[in-house]
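What follows is a single structure, and I will ask about it in a moment.
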Amino acid sequence: MNTYPALLIVAPLLAALFTGIFVWIEERLCYPIAVLGMLISSFSAYKILMAVLSAGVIHYRHAGWAPPMGIEYRIDTLNAMVLLLITLIALINLVASYKTILVETPDRSGSFITIYLLFVVGLLGVTATGDLFNLYVLLEITSLTSYAQIGLGDKDRGPLASLNYVFIGVIGASFYLLGVGYLYIKTGSLNMMDVATIISTMHDSNTVLVAFILCMIGVWIKMALFPLHVWLPNAYSYAPTAVARVVAPLMTKVMVYVMVRLMITVFGFDYIFSTLDLSAAVVWLATIAILAGGLMALAQKDLKKMLAYIIVSEIGYMVGGAWLGNTTGMTGTILHILNDAVMTFALFLAVGNMIYVCGHVGFDNLKGLFGRMPWTMGGFVLAAFSIIGVPPTCGFFSKWYLVLGAFEAGAYHFAAALIISSLICAILFFRIFEIGFFPEPSDGDDHAHAHHEPAVMVEAPVSMLVPLGLVSLSLIIVGLYSGTIVNTIILPMLQ
Amino acid sequence: MHWPIDMIVLTFVIFCAIAAITVRDLLATAILFGAYSFMMCLLWAVMGAVDVAFTEASVGAGVSTVFFVAAVFRTSRRTKD
Amino acid sequence: MEQIISIKPLLAVLVSLCVIPILVSASKQPNVREGWTFCAGTIKFILVLSMLPAVLQGKQIVFSLFEIAPGAALAFRVDGIGMLFALVASFLYIITSMYSIGYMRGLDEHGQTRFVSFFALAISATIGAAFSSNLLTLYVFYEILSLATYPLVTHHQDAKSRVSGRRYLSFILGTSIGLVLPAMLYCYHVTGTLEFSTAGIFAGQLSKPAATVLLLMFVFGFAKAGIMPFHSWLPAAMVAPTPVSALLHAVAVVKVGVFSIVRVITGIFGVELLASFNLGIVIASIAAVTILVGSCIALSQDELKRRLAFSTISQLSYIVFGVALLTPKGLLGGIVHIGMHAFGKITLFFCAGAIYVATGKKYISQMDGLGKKMPITYTALFIGALGVIGLPPSGGFFSKWYLILGTLETGHQILMLVLLLSSFLNAFYFLPIVYKGFFGTPPDTQEGEPVKMEEASFCCVVPLVITAIISIVLFFWPDVFVDLIKVGLGI
Amino acid sequence: MSETLALIIGKYNYWLYIILMMIGLYAMIVKNNLIKKLVGMNIFQTAIILFYVSIGYKTHATIPIIKDSGHGDGHGGGHAVIHAADYINPLPHVLMLTAIVVSVATFGVAMALAVRVYQRYQTLEEDEIRMRLTEE
Amino acid sequence: MRLIGFIIVCICGGLLLYGTSEFPDWGDPASPASTHLSNDYIEKAFDQTQVPNLVTAVLADYRGFDTMFETAVVFCAGLACLLLLRDYSRKKERFYRHVPTGVILQVKHPEKKLPVGTEFEYMDKDWVPSDLIIKNVCRILIPFIQIYALYVVAHGDFSPGGGFQGGVIFGSSLILLAISYNLRTLVQRVKEKALGILCALGVLVYVGIGALCMPLGGNFLDYSALTRIIPWDPHHIRAYGMLGVEIGVGIAVMAVMVVIYINIASEGRHDEGL
């Protein structure tokens, strides 16, 4: 049992290194090694979740040193859930994107897989770690690999989008590092639990306040909260399919996780909501983020860009929920980390299939897509419903908790923004559905159905459809079991 | 009391930094940036961080500058600001 | 109240859902596909029917699936009112399936597999809504129904259906997300439960202004009930093929809207609470306005289906009106009208469709003298019209009778006048169709020429005959419905 | 007066690092040339490193390498007792070694991206790139 | 833009300055940072690890997990440069010099090649006559630099330095080769394939040593578990472990630095550079 937390990280890391070597010797071996590594990692994540559920928090001491001196993995139900989420999404995406990797990076697919695995390692490490500085290092791995992967995307715009992402990403990470420095100068420690116990006695210190603000700004930049979001749409929409599919659902969500972790574990609710009283301002910011993200999405003419702005809006949900200052809102945020990851993943899987078949996903290229790619569109529709918040897909249930939390906190503007955002998403997606459902507008309306030929099906390959099907079905399953998830995973951790 | 030394070097560091971002030739920027890194390395050595200083000397003043020059060689020296 | 735990409600919901993959896989063999549709419909009806005796004995059948939050689970509970609705919907589904075979094949429509699949999904959602034990479950199925009917409404995939589909969704989805969802969440926030109970869930936790706002949000939010001003999706949705209009826009969809309002009034607020706040009269007035305005607009419509649509709008408000009276008789009349109106109106829609299939005519002004060509259809049309107007010998009379008794119980005589006036209007816009059909002269035929029978196909005619007959039967034996309602309301 | 001097001596290092960092940040925001932005980025990062190293500094202490460690005997037991006050805090140094490596790695990747951008647009000036993008 | 930038900078600076007001004085031995953990490290590290250079001890042992990822970051950077820049297409034109006469030939057809040997030699497009002094000085210097690099790696336990610095120095010696001669010389001496494998291999050495500890009964990177397979001198086992990972770091960093340089300097074509 006790090796699983290490195995979780080491398996994909070793897989990455072996693929890094085999790229030069026998490139065909790379893909199986990568899948194997991710399988082991997923299995470990599953084992960890089970262990945490039965036996409580797991501690793993790297290099065998006790926490404040060494680096410790401290895995509670929240980490365990996010870890399982990351490994599963990464694994499924690896399977689903095999063909797109071959198409989009033909002469360097092996190295691409290596860097993909390192990206996953970074995400896993960020999630599992209990050390503030270790988090920074892994954050940088994640960022660096995502810069590289995004730069590999669109030949014309990819590098520029990626370079802009580098600038903003570095500022974000540096702000976080500075925040850790400010904490360190006051506490002399880097372990989260240790720091938490020390700063619990210095709530009136302005250094801790500045540290908190710096950490939050850093994390917000990385997660693209509204005024700091400018890098995201370009970066996500010019990335290669395989990357967009995993970066979009995971990167921002993991950063939300980091925010939640800092808020819950390091600074503590008491400090944030009793001593500081910044809640109202941030919830307003989140409200604006939700609406602005939605409105900007309305202005887009490209499906990928539109989804990117929807992500900006969804981040507003999670930040707002976390800052409402009550358990219900925080529950909503954590549940939404899970749900949003799954539904964004499903959306991008579907979009990836469309790109694989149609080339690009400008709105004008989607006409009659329901006829041509019924299965892909089926998955897309389910995911879209989830984003809109149609029950019984999972998006509805996290929204449920978020709105309830808003009512509890008296933040009616936030609740209103959530509802309006649902409506905006409905408009956004039904616009797509309309384009996809109705063939070219014809002149003779009365006889329109006379010349409907059955559309020729040009579906994506099975290896891309099955993952999409699985993920979109899991949207409903996760939705139906959200009560169980809340009761067994989220609430025990918040108390 | 090394604070006077420290302060003098720091002042140099800041000068180099300002110069590096204001000079209108990227090659000069590269060299000034190397000087900046070297000053920084000195500063850290003064503060007793020998390992960090060593690293900065080899990386910041060494390899980074080489990368920088190589990149300038492959792009352009021209800059408007 | 005795409760039986049984999986039957879930099965009844799932049957037509499970059959969808089979339908899709059988898309190349229409007869197999239709066979499965019938099969699923029949099993569903039998399942619903098998629960009837227990419900009539005053028991409730419950089944709980997933607990989303404390007090808000996905759960089913079969009581009298839900049973009534489920019976009507599942029975008419079988009839409509038969009718749609005749209609869709008669017109050689495209995408029939898609059509039957979404039809099955829609009926699943309807039954689910009927059996919901709390507001959350009701809302879930309400939303599924909204979305499942979109491809049905826009079935023709032309510019006109695009516009109508847009209007349909923006009204239905906009109101349910924008009004019902916040209202529901607020209820949950205040009370911590959403379970329907006859005493209501607010135990004095609600002030009158808050109650008023919430109630209005619910009544307008369930836009499927077609309360003005959120009614205009219904005429727009008439671009759909007639079976859709018939089952969904006379029975399932609109009745789910009304049913939801009934549930909210009787199960969430509770009759006593609303009576003590005197809010019934507010809703009743809104419904009264819709009744009258709807009828007046119906008078001016020339397209038969649009006239039926406006008639539906006005008739739906009868139900809301009856329930809003908050008296036993009013409640009884209102709820029984769900069933009575369903049979009457579906007959009318079937007739409209049959006329369109047989002659291609959509406008009333073109239908002079058609009754001689299609005597069966026109006879059914007449019976259906009687049912909607509320004249004996049709079931509609029965519900109108109770409604009028209900208004007398409240002591607001003016409300009774509304009902009477509306009945006259109903008669005005229906009877001329029948009259002109039988006694008018077709514009393009010579006097004295022998008239040929031109009925629609067998599959089209049989269903409308059946529904017409049942409409009459219900006049003589309304006992099952009445008993169910009495059990459901605990009167 | 001496208090002010003490304050300045006590804090100037932190102030100067802030100045340095703001120079970097300013360059990143305002400069038009991508390479200049990169330089700003690097100045920004080194300023943070300076900050950490400053945290680690301790007066009257020497570099964190144990003198007189007696590795002649091979068991490490024969050395004098180590006083924490004699040595500078090694932890920030460790952290900053990592940070330097991260910054050079980022710098390398950013340079590679800059070369790619130049290949595509034949310029590194942001406004010119933007002009080309709108032309297309 | 300038104004906005200035305002943002002022706000950030103000925020940071506000935070400094409670800082302990610079160099204050009683500050929390110098007392809480650092005392533990200073007093125990040597006893526990037998490594006098505390920075190395903390770097490679207590926080060895960080350092592993630091190495992985370097590996990422190398791989990223390779992925982003490597260009496998051949260049259109090539230049050759006829050695005896000094005549320069331009070959425009990508397929046609001249035999390179004593008579012809490749030539860079931006050719400058290479200086004899520079070439010879570098030729003499490079081996010493490399020896020094190895010393820095190996002696990281006792003096400033370690795998990272040593690797960078070794890498820069190779870069010096490329600069003083030309890129092609470097590429011919050190094959791209070898560099690519070394990048990953270096990190693999690190991770491998860490992972090796797990089946031996320790936690990940817990070098004390290695006593099972390295029977001699259990007292110094942690120092050996650290040396092992430092060597891994050195290999990886060396290879990555060269890879980055080659790819940037030649725009990924590996033909001609600075």
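Here the chain labels run A, B, C, D and E in written order, and each chain numbers its own residues starting at 1.
Basically, a contact is a pair of C-beta atoms (placed from the backbone, for glycine too) under 8 Å apart; a residue touches a chain by one contact, two chains touch by 3 or more.
Every value quoted in this text rests on a predicted model; they were computed, and no experiment measured them.
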item: Chain E and chain D - chains in contact with each; value: A, B
item: Both-way neighbours, i.e. chains that touch chain D and touch chain C; value: A
item: Shortest chain-hopping distance from chain A out to chain B; value: 2
item: B-E compared against A-D, more contacting pairs; value: A-D
item: Central subunit by CA centre of mass proxy; value: A
item: Label of the chain whose CA centroid is most distant from the centroid of chain D; value: C
item: Remotest chain, chain B as reference, centres from CA atoms; value: C
item: Gap in Å, rounded to a whole number, between the CA centres of chain C and chain A; value: 43
item: Distance from the mean Cα position of chain E to that of chain A, given in whole angstrom; value: 32
item: Where chain B and chain D are represented by their mean Cα positions, the distance between them in whole Å; value: 11
item: Intercentroid distance (Cα basis), chain C paired with chain B, Å; value: 78
item: Contacts with two or more other chains, residues of chain D listed in rising order; value: 9, 12-13, 19, 25, 54-58, 61, 63-65, 91-93, 95, 97-98, 101-102, 104-106, 108-109, 111-116
item: Residue numbers of chain E (touch at least two other chains); value: 16, 20, 23, 26, 31, 33-35, 37-38, 41, 53, 55, 59, 63, 66, 70, 73, 76-77, 80, 84, 160, 164, 260, 264, 267
item: For chain A, residues contacting two or more additional chains; value: 133, 137, 140, 144, 147-148, 151, 159, 178, 184-185, 190
item: Every chain pair in contact, whichever chains are involved; value: A-C, A-D, A-E, B-D, B-E, D-E
item: Complex interface listing, chain A residues touching chain C; value: 385, 388-392, 396-397, 400-401, 403-404, 407-408, 415-416, 419-420, 422-423, 426, 430, 434, 437-439, 441-442, 445, 448-449, 452, 454, 480-484, 486-487
item: Touching residues on chain E, where the partner in the complex is chain D; value: 1-2, 4-6, 8-9, 12-13, 16-17, 20, 23, 25-29, 31, 33-35, 37-39, 41-43, 45-47, 50, 52-55, 57-59, 63, 66-67, 70, 73-74, 76-78, 80-81, 84-85, 158-160, 164, 233, 235-236, 260, 263-264, 267
item: Contact footprint of chain B on chain D as seen in their complex; value: 9, 12-13, 16, 19-20, 23-24, 27, 31-33, 35-36, 39-40, 42-43, 46, 49-50, 53-54, 56-58, 61-65, 88, 92-93, 96-97, 100-101, 104, 107-108, 111, 114-115, 118, 123-125
item: Residues of chain B that touch chain D when the two form their complex; value: 3, 6-7, 10, 13-14, 17-18, 20-21, 26, 29, 33, 36-37, 40, 43-44, 47-52, 55-56, 59-60, 63-64, 67-68, 70-72, 74-76, 79-81
item: Interface residues, chain E side, partner chain B - complex; value: 26, 53, 55-56, 59, 160-162, 164-165, 168-169, 171-172, 175, 179, 257, 260-261, 264-265, 267, 273-274
